[in-house]
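Okay, so chain A shows up in both of these, paired with chain B first and chain C after.
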Partner chain A sequence: MSAQLDSPPPAAIEPVTPRVRKDRTGAWFLAPAVVWIILFTIFPLLFALYNSFYSFRFGQRNQFVGLDNFGRLFTDPNLRNGLQVTLWFVLVTVTVEMLVGFGLALLLNREMQGKNILRAIMVLPLFATPVAMGYLGITIFFETNGPINDTIRALGGQGIPWLSSPKWAPVSMMILEVWQWTPFVFLVSLAGLQGLPQDVYEAAEVDGASGRQLFRSITMPLMAPTLWLILLLRMIEAFKVFDIPTSLTSGGPGRATEVYSLFTYRTALRFFDHGYAAAQGFLLLFIVMFIVTILYGRISELYE
Partner chain B sequence: MKQSRLLLLLSLLLIGVLALSACGGTTTPADSAGSSDTAASDADSGEATPVGDEGLAASVTTASDLAPPIVAEPCGDDCPYTGQTVTVIVNTAGEKGPISGPIYEVRDEFEAATGATLEIVEVPFAEHFPKLMTDLTTGSGQYDTSIAGAWWLGDLVEGGFILPYDDMYNAEGFPEWDFEDVLPGPRSLLEYGGQKYVVGNDHDGQVMYYRRDLLEDPDHQAAFEAEYGYPLAVPETWAQFRDVAEYFDGKDLNGDGQPDDGLTMHLKVANQGMFHFMSFSAPFVIGPDNPNLYWFDPETMDALVDSPGHVRAMETMIDLVQFGPEAMMAWNLGESWDHFLRGEAALTFTWGDLGALAQEEGSQVRGLTGAAPIPGTTEYYDVTAGEWKQVDGVNRVGNTTGGSWSGVISKDSDAPEATYFLLALMASKPKSSVYAARGWDGVDPGRYSHFLPPNGDASMDDYLAAGWDEQDIQDYSNAYYENFNAELQFPYLRIPGAFEYWTSLDIHLSEAATGQATAEEALQATADEFEQITDRLGRDMQQQSYVSSLGLE
Partner chain C sequence: MRTNSLSPVQKVLLTGLIVIAVAWVLFPFYWAFVNSIKKPADTFRSVWIPWVQFQPTLDHWRQELDTPEIRRALRNSTVISVGAATLSVALGTLAAYALARFRFNRPDNSFFTTWFLSQRVMPPVVVVIPFFLIMRQVRLLDSVWALVLLNATFLLPFPVIILSQMFRELPIELEEASLVDGASRLQAFFRVALPLVVPGLVATWIICMAFSWNEFLFALSLTSNKAIPMPVIIAGAEHTRGVQFWFVGVRTMLTMLPPTIFALLAQRYIIRGLTLGAVKG
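After this line comes the complex of A and B, so read on.
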């Protein structure tokens, strides 16, 4: 009771002005997003960080190991292999997808018979589940009597060891990825091309610009922000590739197609070494963030 | 306009090629995924597990309708487990699939006999162990029993996650089955540290299969003897196996006019290739003076897998690869079995499923499939003495490699008695005998009651009723009996982290087989990784588990 008597008088209640009401309403609208981010981004991130300081036995935290799991990142040859395979994968697939996807968009961005049907068919692979693409790949690349090797043999050639050779297996994996994701580049590029102002082209044509000049001086500069954005999205996705190598080759032969995500998956859910897997996750996060920061800066410059 | 037409033509051509590709060939793995009711594919499994022989079965055969008899009487109004639910987690394979099929089959009988409800949760191979471990480590008790792989025992028992059933075994109120009926090799996998944890179901082990018709053909016999200087016969050593494989490689073995292969194996990463190596390498390392040490030194837990015996075994095995199709480097188990079942290979060594599948409709080798124990060697490297030792005759080592998928009871089960009732019912002799005789259910033989006289008391009539060829089952029964009853047995690794150790071996075996590393380099890398895994999991604790699991105390 005395505590009540001794306590300072309560602060004056702020009158509910329209501004305060507006702020509160805004906060309520924001709340779901904030809760979502806390639950599904911040919490998992902090939990993974917490786990990364522990060793695990029987799938349970065993003992605090400090930064040991991060130290292993620099000495593990299998992780280095996973990183190498993934970097090659990203470099090759994203480059091919960008060139082919944008090239096809340029070709189909004109009046022609069956244009709409072709465009619709072109994007079909996008709707396939990546893991299904992997299993389809096993059929397509089947060495004994798969359709590709059968065709090659019918033409007088020798079958290619698509999946059994450590040199060809990564190629098979990349072909499937390019097959699936080139339509994405095509689709977004085509949308970008169709949004370009036609009057600029007409004016340039009146001035006698050649097709090559139109492409170099108008199309490319105007498409640059879109292309950088596509590049950014594709790189992020390609770094996380998992389904196709897992279902197509299980990372083999040996570790020839063991991409980073597959390596991390095995570490966490096969070997229950959750601490080390968490550290691997942070390394990938760091690499992707680094690339995103650079590309995002470039995109921002272009938009300015 | 011309350009547009050309573009249209090119695009249609491209689409056509893609569509054709998607249609696939006549006997590609697409068939495995879709056309068989023999077994489910692993199409939904993400990554296939490197362990276990079920779930990836062959696709060229069709399941038979033979069903086991009813064993448990309906409980009527006096049901012991009314209101209880038993939830079993099992590898995805469906109602007519390996290992899961018999559980669906027994459901009505179990529910009528106990009053309990049976729920079956199918999960892909790849998800089974992680899901089970998650359930056990969090204590959520979602699953009462798992039809588990034998190599999980180290994690499950050492982690205190499963219950022994010694008190319930053949106690009143439970179906009877005979633990001693199981042969010594597979029986050792049912116990851990002197207690019974695993209820007998599937009994895995690898034997050699050969084409009997080819080996008995007089023309081949004469030609082989002229070429190799000794009579063509069932190989007893790996050296003879090599000769036979070499001789038949490139010859038409099934009359389709195409050259076939000397042998078939499955060496795709994460698809059990390392089991081939384990069975193959055992007689190079295990011998009369070293019956147990293959994986680790029990005193130091130093890895032994880079010993000269292991290295020679891997070199010998990789040398054999040239007599099989190059594609087998990327084959899973089902694809390799299909190759044999289509009559396209003369030899293989694998699990019991193949012998049974050879009898099913669609097989081209029914009545032609001989079986014998895995070949041996004439010398082995004794890791304890550090020297090669000659043996009199052939050094043969039996094996129980594989999953031996069988039920264990979760410590968090709300209905452990009802769960044991279910597992014991399936283990009862009348049911087990039918399971062992059928090809599609993935349950392989391993009990005296599964083998023909004089080795056991199985009935030839039962096997003939199941569709077996008489000579095929005679060979098969003898081969498995000898394998499981062999004096020397390959030491099965059942310590925590067994899966991780085996994955390392599996990947490095693939590297060696595909020329990315020599056998010595591959095994050295395997040994290095073994050391790292042991250190991480705790060398002392691993050593205790190892010693305990092998009964070396």
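After this line comes the complex of A and C, so read on.
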């Protein structure tokens, strides 16, 4: 591995395409998108950085405060709460999605009827408007006569305070997230499994390998890059969570479901503390970048 | 694909598993639908089968579709998603072609690809405040056009990544032949390459529409009245209506139907889209 790093990467790794001679036309094709991103991403980011050094009053820039807004990040109990809620959310939902989604893909990776219908059904949750799911969740988790508690009571149990208890409200929002994104893990792992080379399995089976051995020494190593990739994508998205807790519980009860993005949104657009909100944004960006860098490194290692 | 045969018991277990998974996935859709056609009194009873267990009604659908705010929100959502998807696919297709067919140095092609991808990593809440302040400055608060611009920005990685793969999969000889025949680069792009990726282009456009229809944070931050789209209407609804299951049902259906139908139309490209081209489903 280290020997490879010393020499320039072999030509085969380079993007396969550009056989056309170099000319300036390419820049013209690329320029609009590049300018667009600079204008609508880089510039706002710099503007946010500038704002983070100022205090705000009534939504107007007030005075230069240096790094004060960043200092507040370490002492604010509400921010710590938002971070905690979000970290638990990411940890639990992504773990459940990965286990159930991949598990289901392993079980259903075989010839069967109705495969296309199953795939079509699994695509639906991915594009069901998250904020609408949260809103619908108010009725699904309704405590007096919602369908879940009705069923629990019919079976002789006691209704669960899905939305009014600080212990259960985070669970409810996680259930909705898991509902929405487990099919994604399922579909992508299934696509990955079906792309695995069949002759390897056949050769191993001829050699008398057991099902467990096949799984341990062929399926898992070959699927590892795909699984790490799914993990990365899911973690990035889960850290951004905002829609479901906003419409399901408005962050409540208390602050039990006040995820990071919701807290920052409120800092900025309810309390108009734009400077502090900008600092919060950068902390979240830093955390996500940190995780992406670690996982991305792992993925590129595996792909080589 | 493994084809080893299953014992009858395994077959039954597997079928049961599929049934449970499908029921779990479809339940919220059915719940929304069934509530939307129940009379208010029936929403308090656990009844599930229209005509057999209860008499369905379309009254709530009619009422909601006659509400001016809902009609306006549906119109706004349509303008935003069509506008943003079109803009980002237009910009993205050009960039995708550039990355697929030209070699750039300092920064090189893979730098640009990563750079476009990194757009998806950034949590939107980081830039929502500057966007709010900028839009206030240029008097674009509460305007659908502000949302068209912002959604187009955040969608851009999808067309860039997906279409640059598709351009790479085209045999380059076709374009080379047309260049030899005296066509300009632009003509080779528009007359030869572009028509060949139309299916993928349309699918990408549809996926982008679904994404921007569902977008909530920017819409919530930048609209206050006349530009409010469906997701924002729905988020504020329980405060004005109380929890009335039948309205929740109709509004959820109205909001979710367009993007889920889009998703079904573009199904073949969904995996590719959602993994930003890393896995082809």
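Definition applied: the second predicted complex is superposed on the first by the 281 of 304 C-alpha atoms of A that agree within 3 Å, B and C clash if a C-alpha of one lies under 4 Å from a C-alpha of the other, contacts with A are read in each partner's own complex, and residues count from 1 in each chain.
As a convention for this text, contacts are C-beta pairs under 8 Å (C-beta built on N, C-alpha and C of every residue); 3 or more make two chains touch, one makes a residue touch a chain.
From a predicted model like this one, the values you see are computed outputs, not experimental measurements.
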item	value
Which superposed partner A:I294 touches (first chain B, second chain C, both, neither)	neither
First (chain B), second (chain C), both or neither touched by A:I121	both
A:V34 touches, of chain B and chain C: first, second, both or neither?	second
Chain B versus chain C as contact partner of A:L91, first or second or both or neither	neither
Which of chain B and chain C A:L107 touches, first, second, both or neither	both
Which of chain B and chain C A:F142 touches, first, second, both or neither	both
Partner touching more residues of chain A, whether chain B or chain C	C
Chain B versus chain C as contact partner of A:T246, first or second or both or neither	both
Touched partner set for A:R255, first chain B, second chain C, both or neither	first
Chain B versus chain C as contact partner of A:A169, first or second or both or neither	first
Residues of chain A at both interfaces, chain B in one complex, chain C in the other	107-108, 110-111, 118, 121-122, 131, 135-136, 138-140, 142, 145, 147, 150, 179, 243, 246-247, 265, 269
Contacting residues of chain A [partner chain B, same complex]	55, 57-60, 62, 107-108, 110-114, 118, 121-122, 131, 135-136, 138-140, 142-148, 150, 161-166, 169, 179, 243, 246-247, 249-256, 258, 262, 265-266, 269-273
Complex interface listing, chain B residues touching chain A	4-5, 7-8, 11, 15, 18, 20-30, 33, 43, 46-48, 130, 133-134, 137, 155, 158-159, 161, 268-271, 325-330, 496-497, 499-500, 503, 507-508, 510-511, 513-517, 533, 536-538, 541
Interfacial residue positions of chain C with respect to chain A in the complex	1-4, 14, 17-18, 21-22, 24-26, 28-29, 31-32, 35, 44, 46, 91-92, 94-95, 97-104, 109-110, 112, 115-116, 119-134, 149-150, 152-153, 156, 160, 168, 172, 175-176, 185-186, 189, 210, 213-214, 216-217, 220-221, 230-231, 234-235, 237-238, 243, 245, 248-249, 251-252, 255-256, 259-260, 262-264, 267, 270-271, 274-276, 278-281
Contact footprint of chain C on chain A as seen in their complex	15-20, 22-23, 25-27, 29-30, 32-34, 36-37, 40-41, 44-45, 47-48, 51, 104, 107-111, 118-136, 138-140, 142, 145, 147, 150, 154, 179, 183-184, 187-188, 191-192, 194-195, 198, 201, 226, 229-230, 233, 236, 239-240, 242-243, 246-247, 260-261, 264-265, 268-269, 274, 277-278, 281-282, 284-285, 288-289, 292
